[in-house]
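Note that chain A is present in both complexes that follow, paired respectively with chain B and with chain C.
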Partner chain A sequence: MNSLKRIFIYTFLSVAAIVSIFPFLWMLTSITNKSVDVTQGRLLPGTHLIENLKTLFATVDIVPALINSSIIAVITTFLTLLLASLAGYGFEIHRSKGKDIVFTILLLSMMIPFAAIMIPLYRMFGSISETAPLIGIDSLGAVILPTATTAFFIFFFRQNTKMFPKDLVEAGRIDGLSEIGVFFRIYMPTMKTTYAAAAIIAFMNSWNNYLWPLVILQSPEKRTIPLLISNLGSSYSPDYGVIMSAIVIATLPTALVFFLMQKHFVAGMMGSVKG
Partner chain B sequence: MKKFNLMFVAAASMAALAACSSGDEEASGGSGAEGSADVDEITAWAWDPAFNIAALENAKEAYNGDGDYEVNVIENAQDDIIQKLNTGLSSGTTNGMPNIVLIEDYRAQSFLQAYPDAFHPLTDVINAEDFADYKIATTSFDGEQYGLPFDSGVAALYVRTDYLEEAGYSVEDVTDITWQEYIEIGKDVKEATGKNMLTLDPNDLAQVRMMIQTNGSWYVEEDGSTPNIAGNETLEAGFETYKEMMEADIAKIVSDWSQFVGAFNSGDVASVPTGNWITPSVKQAADQSGNWAVVPMPRLDMEGAVNASNLGGSSWYVLNVDGKEQAADFLLNTFGSNPDLYQTLVEDIGALGTYSPAAEGDAYAVEDEFFGGQQLITDLSTWTDEIPAVNYGLHTYAIEDILVTGMQDYLNGAELDTVLENVQGQAEAQLK
Partner chain C sequence: MSQLGTKKAEVDLPVRTKYEESRRQKTGVFFKKKVGWLFIIVSVIAITIFNFYPMVQAFLLSFQSGMGANLEYVGLDNWRRLFGDPTFIAALTNTTIYLLIQVPLMIVLALFFSVLLNDPKLKFKSFFRIAIFLPCVTSLVAYSVVFKYLFGIDGIVNQFLLNFGLIPQTINFLADPFWAKVVIILAITWRWTGYNMIFYLAALQNVDKSIYEAARIDGASSFQQFFQITVPMLKPIILFTSITSTIGTLQIFDEIVNITNGGPGNATISISQYIYNLSFEYTPDFGYASTVSYVIVILVVILSIIQFRVAGEKK
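On to the complex of A and B.
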């Protein structure tokens, strides 16, 4: 009975695993095949890897796109962690009369789809383009600002701060730490796993962000990786081998960040406070 | 406390709505108000490096005017261009917008109507009579010519001569036929070779679009906005033909572009009825060289239907921003009046324009070995002139989304009249 159950579970898990892994497998074999083989559904590794990579590097500027994406993702992640954790900490630790109302409004903003605020945002950035080109239309700054922190991350930090032992704050104050000192020297080290989890999500969000960079960035040399891939697929006769190569290269950094911080990620998502 | 929260929610959402509406009002006044200052550099947006971008690069070299400015060609995917234009134009910020932009013909009217001041008319710049009639209908609006017609979307039937031969047919047998004759041939081909006659994608009614244009009909009335679905005899014939193809079991079902291309690259189908821009994809399978021919599109079996249709195709537009004079000058002295440019377009990138004077050039007469020595470009160019002009109107893709479900109902056995009436009702309700 027990072994029958096991067989059933393992069969189910294997099917689920194959279904979720198959696209990656196909992506990886596709980078070694010619475009015509990809469209014909060839699943075996081919011999076209070097040619695909050569074509990719010859036809598109993938390195600048990687650099742009990295700059944006790293700065966005840093700002998200700093601002969202400060806000989450404030909402949870400090007592204030109106904070629940403010928090409710903040949460409501999570329900407005980005597409709805995109046009007003574009208008805002358009109006400051002349005076502040560093954060105007077609600047990396304009990509970073609206995504630098979101209600979700503030919510995330607030929920996790609920597990944070508040006695530590008191202890810190008694030992003469300033409020800022309590935050940076006690809260931050204690909440390492939460920061790690938030960092992964923020990095991935930023790295994969498509819509906003698409509308706000105009010059080809400022393009991010998702925009570059979108372009590759736009021709009447797309070269699938090359597109897949670009996708693999684009996937590597997020995969790397995830695997490096995986241990913390799981702990952070479960709300652990072990330091 | 709860009540208080609710009130706050209400207040916040009202504030948000108010912010939206006031933004729109200001936006409509913002565009087009720019001056006409000279600029040193103009920007052009297009998609597909092998086709439109290459055409722009060719145009830069072929430019024979006396303007002194740089043309900065930027590649964006087509959907990306639509998104960027919509965002930029509806926010009323001309900042970051290009001077020249390529827009697909099916979408042109909706842009021209939604942002009437955002485009710079080319009525006095180009000679509309130099271009294929059907392109002028889709690129003009309200009596003004806005677009400079670019590539021909002339549709054709690409056939595998070897499969046809095996089934006892010649190229003449599939030339200038009706869809009914096509289906009969398809059945014989399937019997003789085991190959399907064509691919069909149930989520893409391009096939129906091409069919109804052979009889000068479209999803909308002449006014471009009233849905013309229920009681549209041409559309009914298109639906019936589509169903016949499905029932005759001569179609391989595909669900996306790569499967579509894969089907003919791997020799799974005996013919490809589609736009002429598919030529490079067909030629991609070099081992099939000599086994292909291109014949005119089959027509619907109706009075007045012709063996010529269109699928896709796009045109150049000038935005009403600083540098519009230079942009118009660039277009005039390249795509607008230079037959030689069109020769290089055909030779270098296989892009077929709709500029009639170009058809006399040498490049158009070249014999293509892949297609058994056929003068492919000359043929396509001749068929381009025969395409019935229709007003694609504002809602081609919106109506097609509804039609796709209607087609499913019809294939599953629903009455055609009822299906089309339902689609008409839904379309009218949605597009009000």
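On to the complex of A and C.
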């Protein structure tokens, strides 16, 4: 009975693992094969990698897309971490009845579906396009602004701040630090793990965001990576080897960020669950 | 007299300082409170401008109609139009199907994985955990395109099923109204199960192992342990993940656009895709699109309330 159960568990988990990994294996072998081989279901590595990459860089504007996505993701992540941690800290350390009410209201914004605010946002950015082109329609700024502050990250930081020793705040005050000084000199260095976890999620969210950039960006040279891949994917005569190369290149940054910071990520998630 | 005077002075002095101190403390508290608001003010303003204000705008827009910028108030016309709009009804039906099948399937799978992976005796634990979480590092668009090719008529899934004799001939998954929906549901489940699993695994770390020991001694089976200890202990986090997944699936857009583009016909179109099409693909009708978008808002509110109620009753 017990060994039967164990066999079942290992089989079940192995099937799950294979199903999870298989598309990655296929992606990785596809980038080394000719388009014909990919369609014929070849699962072995081939010798076409260099050609695929050459064709990719020659025919597809992937470099500008990578630059656009990087600029957007880095600035969004930075703003998210700064603003959300300031707010999460404020709500928890300087707790008051009024702030608790504001916090609850902010949390409600997590339930707002993006599709519902997309049209007013589009019109809002449209109306300032002429006076402030840097944050108007078809600008990277317009992609960043609505996504840089979300209630989720404020909630995330507040939950994690519950584990932050409050004595440190007192100690900082006694040492003559200002309230802002306490935040930057004591809280930030102590909460590195939380920042790392939030950075991973914020970076991935921004890097992978599709709907809002699709709405607000118009000119091809402003395209982000997801817009580019979506475009490649809908072409009528796809070169699979080349498209897969683009997909692998697009996935590398988020995969790297995740694997480099995996430990922080799980620790941060646990902090947000514990509270 | 003089003795009394000095005494009085002695008494007076600390009293005055105490008074002054309390005044200073009061202003200190007041100042601290104000500083607290400084920490949150930017976020509050940003969320108001980019979330709450557009919500109000969308509500007002839902009573307006017209092409592009020429909008005028039409009362409840848009809301009436909803019920006679076959594309909207198709989008609502499809989204409901995705929701009813995909969210429970994913939550149950994620719970199951997390319980199995929480077993201290399990080998290759971190391999399984990383493998199951791996899909989460892909972008929605990228994995959607991959799934589109995997399930294409000459795709690898068809070849696999044919080679193993599981199907007599290739299935054109993405051109069949039923199979196209199945592919969408499989795709979302593939992408998000590991994400939810991580939440459960984190929560399980905090469950006291001795509870399971005690249950085992009392002769509780694994299934009893699962339903009577694990599920109740994880209730808050299950509630959290089911609400976020519900909100996510109600808004599903990236997968639909990139796997099937809503087709065949409107067999897989989602509400979000319909809103996008109404605003940016067809002749723009921001008013009616906002009305459709408020249907998602209403669904999110109703479903969240139901989920809170259900979770509250279970205890």
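We take it that the second predicted complex is superposed on the first by the 262 of 275 C-alpha atoms of A that agree within 3 Å, B and C clash if a C-alpha of one lies under 4 Å from a C-alpha of the other, contacts with A are read in each partner's own complex, and residues count from 1 in each chain.
Definition applied: contacts are C-beta pairs under 8 Å (C-beta built on N, C-alpha and C of every residue); 3 or more make two chains touch, one makes a residue touch a chain.
All values reported here derive from a predicted model rather than from experimental measurement.
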Superposed partners chain B and chain C on chain A - clash or fit: clash
For A:101, using the defined touch cut-off, is the partner it touches chain B, chain C, both, or neither? Pick first, second, both or neither. first
Thinking of the overlay built on chain A, is A:35 touched by chain B (first), by chain C (second), by both, or by neither? first
If touched residues of chain A are counted for chain B and for chain C, the larger one: C
According to the stated criteria, A:137 is in contact with first (chain B), second (chain C), both, or neither; which is it? first
Using the touch definition from the top, say if A:27 reaches chain B (first), chain C (second), both or neither. second
One more residue to check, A:122. First (chain B), second (chain C), both or neither? both
Should A:220 be classified as contacting the first partner (chain B), the second (chain C), both, or neither? first
For A:237, decide between first (touching chain B), second (touching chain C), both and neither. first
In the superposed arrangement, what residues of chain A touch both chain B and chain C? 39, 41, 112, 116, 118-120, 122-123, 211, 214-215, 227, 230, 233-234, 238, 240
So in the complex, which bits of chain A are touching chain B? 35-36, 38-41, 59, 101, 104-105, 108, 112, 116, 118-120, 122-123, 126-127, 129, 136-138, 211, 214-216, 218-220, 227, 230-231, 233-238, 240
Going by the contact rule at the top, pick out the chain B residues touching chain A in the complex. 4-5, 8-9, 12-13, 16, 19-20, 23, 27, 43, 47-51, 74-80, 83-84, 87-88, 90-93, 95-96, 257-259, 261-262, 265-266, 277-278, 280-281, 284-285
Residue positions on chain A within touch of chain C in the complex are 5, 9, 12-13, 16-17, 19-21, 23-24, 26-27, 39, 41, 43, 83-84, 86-87, 89-91, 93-96, 99, 102, 106, 109-124, 145-146, 148-151, 154, 179-180, 183, 204, 207-208, 210-211, 214-215, 225-227, 229-230, 232-234, 238, 240, 243-244, 247, 250-251, 254-255, 258, 262, 266, 269-270, 273-274
For chain C, which residues count as touching chain A in their complex? 32-33, 35-40, 42-44, 46-47, 50-55, 57-58, 61, 113, 116-117, 119, 122, 127-128, 130-132, 134-150, 154, 156, 159-160, 190, 194, 198-199, 201-203, 205-206, 222, 237, 247, 250-251, 253-254, 257-258, 261, 271-272, 275-276, 279-280, 286, 289-290, 293-294, 296-297, 300-301, 304
